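Structures incoming, each one as structure tokens.
In what follows, chain A forms one complex with chain B and a second complex with chain C.
After this line comes the complex of A and B, so read on.
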């Protein structure tokens, strides 16, 4: 196979880069061993949530954050590019109706009732913003065992909001018209697409609602017909209705994956799922082709002018720490930056403590090309995006999806500029 | 490492992310199948000499989607296939599964009596009787015998002379007994591109036996087929599969599922096996494919079979279609048509197969294309039966665009 660009990895950063490249008119092939984190994570786009204190405005905080964290991917791309990437992303998935902005973080409840800062959210999560306080009711479904409304509500009531406002929240457990054994969130998403199911849910819920209460459900409000399901619930319950991200798999994340995949296909992009990348053919500081192991007993090559590495971090095997303490990037053998010395502290004893090893990853230049210890690009035509990049702690900073979109967009922009 | 251990060992990479569950076409329509993660990496830990903890894994359709969406490289479908074979060995294989898994036998028996066989397969009272006795659903799509074989055509066909290079056609049982015309079209397309097409005698690859858990029989078929192609592969000829699932059997599945990982002959043949569209696209990439396509002003809905996706090579037919002027191509959004080889034939699974395929059928109904194109024969039978839209192999679209039909 040959293409203008090969993107490796089908998570949010890979899909972003691939879509932008295909829409930019380049023949783009997205190759991935499997599906990425869109199916697991909420589709909220966290750009910067903690620095380490709560960030109220990512737009205002980003320049100082980048200046203070020289090794962070945000230090490689301008705040204008971050803003442009988020604006672009919203336009590409109009069916999800993203709301919010980089000017002000929203605070949305998680399944455990934490108020999480995030920049933009799908429309069906917008009403969950608790910044101004208010009255909320969270609805559980009896057989849905990964969403506990009372627990969520109790924690949320304790949230300390910057505005000083208070949240009143309570949980309701419905008797559950579904009642299948061991029901998954996908099964509930399908149930919500059935009018009879919605009717049963609203009939039981409506009499229990109090004035001014906004209604939160686990994020299972339909899959293909999500928007219609959500709107009907708002109409019948006559108040704002919203989804709270629940445990994996992520139904709203699947909606996002499908929307991006469809846009990529419509832009002429090609998606190849399954093969494992095993190396590359290189010459004169350039990668000529990616080598993968597909199903036949022979290597397959994907030749291209540029390559985007969107392979993820430790969790996906893109970066590997072996039992001898060696850390390596597994596809191209690129140098991994930020690895603490063997003598130094690599992992702290407590789970929630700071783990220096967690920031290990690829260091990149201002074009997002992985660099060696001297700052020289390892290959002239290889770019790295998303979780494979070092210097970030997305789970602490609340920056994961923002970094994925911003770096995916920025790398694609670099390649498009080079091609034109 | 032995295949069994290597495939089974991959379950240690499962992080319970549930991505396979979100894609499983079967568990998404029926509670009878609890999903690939449950019956695969999870239940496998309990299969320690005492067999499967329950029989739910028999509802796996063996589409293989779970394996290629898994980001951790767990061989979910392969683990399930092996566990099912072990379960069937323990609990017994129904007569029905033994019958429908023998395509070569069916072809050999049915072909000389094509009119009778077709009348039988089309006769609803008889089909209901078959459903009652053998448990093959009376509505399930059946191919039609044409009364001649592709092999008999091939014997009388004069191969292209003075060709610079040659390829071997792995036509499969479907082309041999049910769609010989498709084989002729493939030969015409390949000859149009200056290739001499070699068509050695060949029998079933064993895939239907494998997917019905009859591993010993499957192994002997695939070994025999390997020997049919080995002399050619040894001389460097590529083997082009007309059936995407049978091609996958030679490429990967026999090695991973039937414990033939170390079979050197099979490895050699695998290294030279291509799906026919994969090969044509590779020709194009080398600048060797003729692109004298005539405009084909029609709409085609393309359905990539699950087994095609198991080749881990994307969808070569789409790139080939893109070369044809005025051809409008729409791809199906849903992953599976439900048929999954012989799964949709079975009385107890027919409704599940139809429910799985419903989104595909709906999309075809909405678009009302002139043709459906799909690389898998059972997908074509299923979609054509459900929608009434003629369903063809992508090679037939190329054949028409080359104007080879006269």
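After this line comes the complex of A and C, so read on.
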């Protein structure tokens, strides 16, 4: 098996890199053990939310942030590249209708009713922006156990917004049709694609709505026909309708995965889900091939000119901390930066405190190639993107998907430049 | 100050105290129990859950061994629902002195602990993960126990006989008049009020804290808090209790408990039962010890680490806590210190809770000059009436019955919504950790990653509390779960923690919930 580029990992960073490479005319194979974080987290594109105070404009904050965090992936790519990557991304998934910009963070409610800063969101989340205040109603579904509208609404009413605006919010619990007591988000998404189910929901809900209210549902408003479902709900309820993300799995994240997969395939890319990377063939400081294995099959060799590691961090097992306290990058054995000494404090006693181990990950040069302690690239043709990179705490900074897109885009650009 | 009248006041809501309050109530005494926190939040809820056969002590501490097997037989009759009948092995592993095995057999014979030598091949067939280098093996009637279930069953039984169980009631002082203890003044941490409890007799069953209580009556009692740590692994690495056949030492046992296997333990004297830490060295010691019993132990997923402080009593101070007897001590403060109507029961082990209670209440009856026989050895605890042991699939079987009628809130531990709501209504607490000990909520592999949010939403809805109180409950529970995973955070559990961080800090952004105008209102003032 040979290609121009092998991308390892099918999360947002891997999908971004692979799509851009395929569209750039390179023969690209995307190999992954399985789907990535798209299926677990909402598809809001958080570029920079906290530093550590609330960031109101990522575009304005990024240069200073990069300067102050020399080991951060944002310090390896220019703010222009970040902006270009986000612009490119929006064009690639027109069906999701992303709105927002890098100039201003939106503030969208989470399922606990905290306001979360994010740069761009799918159109079906746009109406949830609370920056200007307003009236909101949150709708719980009978058999959905991962959404508590009254709790959400009460917290959201207490939100202190930078604008000083106030939010009025309340919760409604529906007794929508069905018998099963425990219905998953995916099953609800399928239900919402049935006209008779939508009819029952809107018939129950409409009489309970007040004028001027924006209507928030858990993020289960359809899967393949999401846009039509969402638009119909707005039409019938005659109010803006939006989705609020909750616990995994993430239906809107799955929509994003499907949209990117489709674009990648249309661009001629090849997606292989299932095999695990078990090693590599290397010579003279380059990787010649990745060796992968699917279950009990014989290992397969994927030769390529360039490789993109989009394998994730500790969360996926791409970086492993063993019981003795040793840290390893598991595919190529690349050096991991930012690992505190085994006797030093690695995880703090307080859950919300700073954990020194949290920023451990691969260090990269300005071309996004993993480097050793002296700053030399480990391999001339290996690039690393997304959560495998060290120096960031994306779940605290609210920078995860932004980093994934920006680094995936930038690494692909590097490879395309080298190829041309 | 409000007042309360009782005959026997028991201080301490651990296994000993609950045993005593049940015994007292069954003998017909009006009785009350107080604890500064919830039940089983001291040492009781923090052990490995072994139902001792006594085998561990046959060579070193024969008296303790005799007590263990005696009580083992009784508990199997009265507390079957609390026990999983796993059986146990004592194994001569490659690092054990081979000559100890003969002493072990001899000790078992002398103490009446049933013990049968089993061919090594048979052990390896039954427990294929056990170190194949073992040379001898002995089967004993060890088992595994659920300490919370036991304590709550004792509490329910005692309440059925009229006892009052007062949690979050901390003793501020004992009332001592004319050389006799007449009761106690306690603080109700929920209401903030002080309550005077007048009693004819006071039993100090506060375990590692017994010295602090006894001192309130001017009696000097020295209890060494002996710290022991345990690591829960996320699999049943063994289905039988496995012990090293050697003198008691660190990490010499693995107990299969529900879905996990627990390795224990260490023994280190600490100065203050409320202030100690789990060190990296202790955890490493447990993991290496596990590797000796079950090769590959370190590759398994460690779930959580905890520690407890054993109350080890000896009249004379000794240096090493492991050398202090595991038998219990009943101190009659009239004969010992000239203080009447007051006894301290301390030391001992979870498994001997009933015997300790019996001896205590015999002494109390003697002091009060009444004759009321003990009945606890014959009457089964609630839910154990049918004398059926708990078994590993019990919760799944229950769940299957209600699969189409109820939501599963905690998928790891099979906690259905109606059980959660019933517990929240029965115990009007905003502390999700109290609910955890009742239902095992959030105790599985994801350590609450999914159920903490759901439980918070349900708590808010059901108890009509403000969202700021609900937020506090959620944040406290996240912190409580973190406390246990942090000391053994590696491999797959670190992956899990990272996912939970993405959920709570990323997706839900709980780090930026609205500022709490009534900060600390939901926080219990008491340290548990």
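Following the convention adopted for this analysis, the second predicted complex is superposed on the first by the 414 of 420 C-alpha atoms of A that agree within 3 Å, B and C clash if a C-alpha of one lies under 4 Å from a C-alpha of the other, contacts with A are read in each partner's own complex, and residues count from 1 in each chain.
Convention: a contact is a pair of C-beta atoms (placed from the backbone, for glycine too) under 8 Å apart; a residue touches a chain by one contact, two chains touch by 3 or more.
The shown structure was predicted, so the numbers you read here are calculated from the model rather than taken from an experiment.
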Three-chain arrangement built on chain A, chain B and chain C clash or fit: fit
First, second, both or neither for A:272, with chain B first and chain C second: first
Chain A: partner with more touched residues, chain B or chain C: C
Contacts of A:151 with chain B and chain C, given as first, second, both or neither: second
Touching partner for A:116 - first (chain B), second (chain C), both, neither: second
Which of chain B and chain C A:341 touches, first, second, both or neither: neither
Which superposed partner A:248 touches (first chain B, second chain C, both, neither): both
Contacts of A:36 with chain B and chain C, given as first, second, both or neither: first
Partner chain in contact with A:91 - chain B first, chain C second, else both or neither: neither
Arrangement angle, chain B at one end, chain C at the other, chain A at the vertex (C-alpha, nearest 10°): 90
Touched partner set for A:80, first chain B, second chain C, both or neither: neither
Partner chain(s) touched by A:316 [first = chain B, second = chain C, both, neither]: both
Distance in angstrom between the closest Cα atoms of chain C and chain B, superposition on A: 5
Shared chain A contacts, counted only where both chain B and chain C touch the same residue: 40, 180-182, 248, 315-317
Parts of chain C lying in touch with chain A, wherever the complex brings them together: 280, 284, 287, 298-299, 302, 404-409, 417, 450, 453-454, 456-458, 460-461, 466-468, 470-471, 474-475, 478-479, 482-483, 486, 488-492, 494-495, 498-499, 501-503, 505-515
For the chain B and chain A complex, residues of the former touching the latter: 15, 17-19, 21-23, 28, 31, 34-35, 67-73, 248, 251-252, 255, 267-268, 270-274, 281, 285, 309-315, 318-319, 331, 333
Chain C-touching residues of chain A, taken from the complex the two chains share: 37, 40-42, 50, 54, 110-116, 143, 145-148, 150-151, 154-155, 158-160, 179-182, 245-248, 313-317, 320-325, 343, 346-347, 349-352, 394-396, 398, 400
Of chain A, residues touching chain B in the complex: 1-2, 29, 32-36, 39-40, 180-182, 184, 186, 190, 248-249, 254, 258, 262, 265, 270-276, 292, 294-298, 300, 312, 315-317
